[in-house]
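Structures incoming, each one as structure tokens.
Both complexes below contain subunit A, partnered by subunit B and then by subunit C.
Moving on to the complex of A and B:
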């Protein structure tokens, strides 16, 4: 199955060409359009309890849709907010995704929910994160552009900009600088990541959008 | 016996994408990793640099000198197995890694703890800030708001008995209020006394100065000073604006918004609803203590013996064993023993005063109340 990420980076969407017998698993409501030859079946995301947990804590849907075709067909998947989409290929390795980032994956990928800890909650990244592992492709989205970085030593990411990271990445949440600069620089808390490993970041943050919108409401 | 095979991963530029899951073997003189794409990687123990960390602080990384190859696993048994397989060659590095992980965990825990403490302190500060701001806002409101809330509340109120207009009984209550009124802490209130025929031993004052006395309370009082004590306490709730404070606390943001936009009428309607929903006399413990102190001060200034209030509590305490439902006032004014002591203490602190008896024929008042039953 070949794929193309189109209209990057602002309004990215995934175009997949399914051949006979191929299938793809996607987040509920991710489908924008598809050929009449493609059929969709809905199932709990990893079972009833796991599905509910993903809805409550992982920012994902309780259900996932599996798209398949007996002949061939086209499928367009998208995300609810403007921004880029990235495709990564897992070869038996694991990746953590921030809540709401997951869009689709090959059927060989396992989706799980993991405890991220209070430090991530304080850092504004949520108590839980999605764990994707196995062999196959995973598509995830971000608000704004996506850029990746190989981390060796410590690297600082503002809270709300981390989208995906490998389990080998160490994460600490701390103040951006001293007490004064942390409060008045507008940076507040930041995430300090350390390698080895790869992280994916988004060029915009939802908190930034919310704060900007809020400032124009009064 | 230590395990030899583990599941983990490899970082290497020779893998497409730079990473892959791998099966790891601790061989005789090297770590061997078989990546999922079929490539085999070998790292001799003597060339191995060990690091620890990762998201869960449980990951062990074995890296070559230039860091172009990293073999890693999260298996908790790997560390001990690696130390054993390397024959002590990596013990120092493993120990240093463990120390670093411990230190990171400790600082992480401390950071979370500090954040939690800051959160609790912040929320507590916010709570008291709102309370102080609420009090300040109430102080700034004109007395006319108290009167309007009191009137709205009284109009829609079920008093639980028929209002009586006996000139002697009502007149006696008015005489008491007239003696107290000039010494009230808040000027501008219009006092208005209503007497209701009911067995309830109860009295209350609404914001603005509307006072309701039940005949049950008059029946239980041996002296007019005892009723004066109760009325001074209730009037204090009105003059200290406890009702408005309660409205502010109950309505919270709604009250603040109404105040901000100057919608006093809206506040009045909402405030009256709060009074209708709750028991009229349900004030906080702090407000009750304040009303006791203010009542005693008012009685003393009006030259009415303040011990009447303590005496009335004592009467109710004696009669109130088993607490019949009709003893409404005592049920909304708990801890009477502590309050008797407190009131006596307050009276003892006051300077000397020539108390003057109330110009009321109390026997006549009691007889007329008895005749009604």
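Moving on to the complex of A and C:
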């Protein structure tokens, strides 16, 4: 099945052309439109308990939708916020996604929850991260543009800008500078990632948007 | 040699100095080009203004199809550092490469990522008066200083809102910035508040300005795309769309000509807005293609109201 990510980067959406027997798994509210020949079935995301866990901790919905067709048809998937969408192809390897980033995947992909550690909760990144593994494509989205970076040793990312990373990447939360600077700089806590591996970042953050909005509402 | 690019197809040309100021036809698209005058200053950067370099197709450095490549990336270097503004105009991201010991000063919360050898220090810069001036200009009291220690480093900066970022090189000149537009500056630049009169500051209608002066680089961001307009005579901009302008311009805030002497009803329809800034003289104005207050009042209508 071929796919195309269109209207990048602001209003990116995924257009998929399904042939007979092919299917795609998508986040519960991702479908924008589809051909009449495409049928949708809703199921728990990896079982009842796992589904609830994903809702509670992974920032994703309890259910996923599976789209199939007996002939052929097209499917358009979107994400809730303005921003870019990226596609990665997994060949038996694993990728971690930040809560809320997942949009869709091929049926060969397993969605799981990974423990991110208590420190990540302090950093505002959530206690868990979404673990995608298996064979196939994964689509994930961001608020803002998506850009990737190969990390050799260490790199500092402001919280809220990290979207996805490889399992070889170590993440820990630290202060942006000294005690005074961390508190007054507006940067607060940052995520320190260590390589080797690849990370995906978004060029805007929800915190930044909220701060900008609040500063103008007076 | 004079280096320039065709304004239509971006084909780059190098021509002999004696052709300065003459016209030529582009070999590719046959558009008529004006060959720029030779700049006596041997500073290479300013021979081709940054805005024109921006239009050149981005170098294929990243993986094809990656987000950073699609926009028109601005690359440039100053006396202090190399920089790159990518992902324009939707979600502009500024990447600054600092050599050891170099510094850049940023608005709070602007940092998106950095190499671990960059040290962040925040503090009040420029004394009490200037700090308060900045605060009145809609900026934080605090300025963050990023400095590279033990080798070169990289910092990326992003604004809070969706939009573009522009770079301007100050050469012992002054630039006025709209409320909230300031993002970064290099050494040699001072950002202060400008007292635009009580009306401007407190009514929320007039111009609330920051003044950047000195010799160095300044980066400012917008909500929406940024357009640079070279004013040669007179130009009128709605106050909400101004991002920055050079101090060589005279400016005068007034009611939109069509509203002048109009009834209260007319002004009501404009929601109390309708103030424009009339620029005259010679200089550059940067305007944004979206209006912050209009957007936020639109959003505000959808926010749930508290029922106490």
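Operating definition for what follows: the second predicted complex is superposed on the first by the 216 of 218 C-alpha atoms of A that agree within 3 Å, B and C clash if a C-alpha of one lies under 4 Å from a C-alpha of the other, contacts with A are read in each partner's own complex, and residues count from 1 in each chain.
In the analysis below, a contact is a pair of C-beta atoms (placed from the backbone, for glycine too) under 8 Å apart; a residue touches a chain by one contact, two chains touch by 3 or more.
Only a predicted model underlies this, so the values are computations on that prediction, with no experimental measurement involved.
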Notebook entry, point to check: Can A:212 be said to touch subunit B (first), subunit C (second), both, or neither?
Noted result: second
Check: Is subunit A touched at more residues by subunit B or by subunit C?
Finding: C
Next item on the list: Please indicate which partner A:146 is in contact with in the superposed arrangement: first for subunit B, second for subunit C, both, or neither.
Entry: second
Next item on the list: State whether A:169 touches subunit B only (first), subunit C only (second), both chains, or neither.
Entry: first
Next item on the list: Scan A:93 for contacts with subunit B and subunit C and give back first, second, both or neither.
Entry: first
Next item on the list: Answer with first, second, both or neither: which of subunit B and subunit C does A:157 touch in the superposed model?
Entry: second
Checklist line | Touched partner set for A:83, first subunit B, second subunit C, both or neither | finding: second
Next item on the list: For A:198, decide between first (touching subunit B), second (touching subunit C), both and neither.
Entry: first
Notebook entry, point to check: If you stack the two complexes on chain A, which partner ends up touching A:135: first (subunit B), second (subunit C), both, or neither?
Noted result: first
Next item on the list: Mind listing the subunit B positions that touch subunit A in their complex?
Entry: 9, 11, 15, 17-22, 35-37, 51, 53-57, 59, 61, 63, 67, 70, 72, 74, 104, 107-108, 111-112, 115
Note to self: Give the list of subunit C residues in touch with subunit A in this complex.
What the structure shows: 63, 66-68, 70-71, 86-87, 90-93, 108-116, 118-123, 138, 140, 142, 144, 158-162, 180, 204, 292-293, 296, 299-300
Item checked: Touching residues on subunit A, where the partner in the complex is subunit C -> 8-10, 82-84, 86, 144-149, 153-158, 161, 176-178, 180-182, 184-187, 192, 201, 203-205, 207-213, 215-218
Note to self: Looking at the complex, which residues from subunit A come into contact with subunit B?
What the structure shows: 88-94, 96, 118-119, 122, 133, 135, 150, 152, 165-174, 194, 196-198
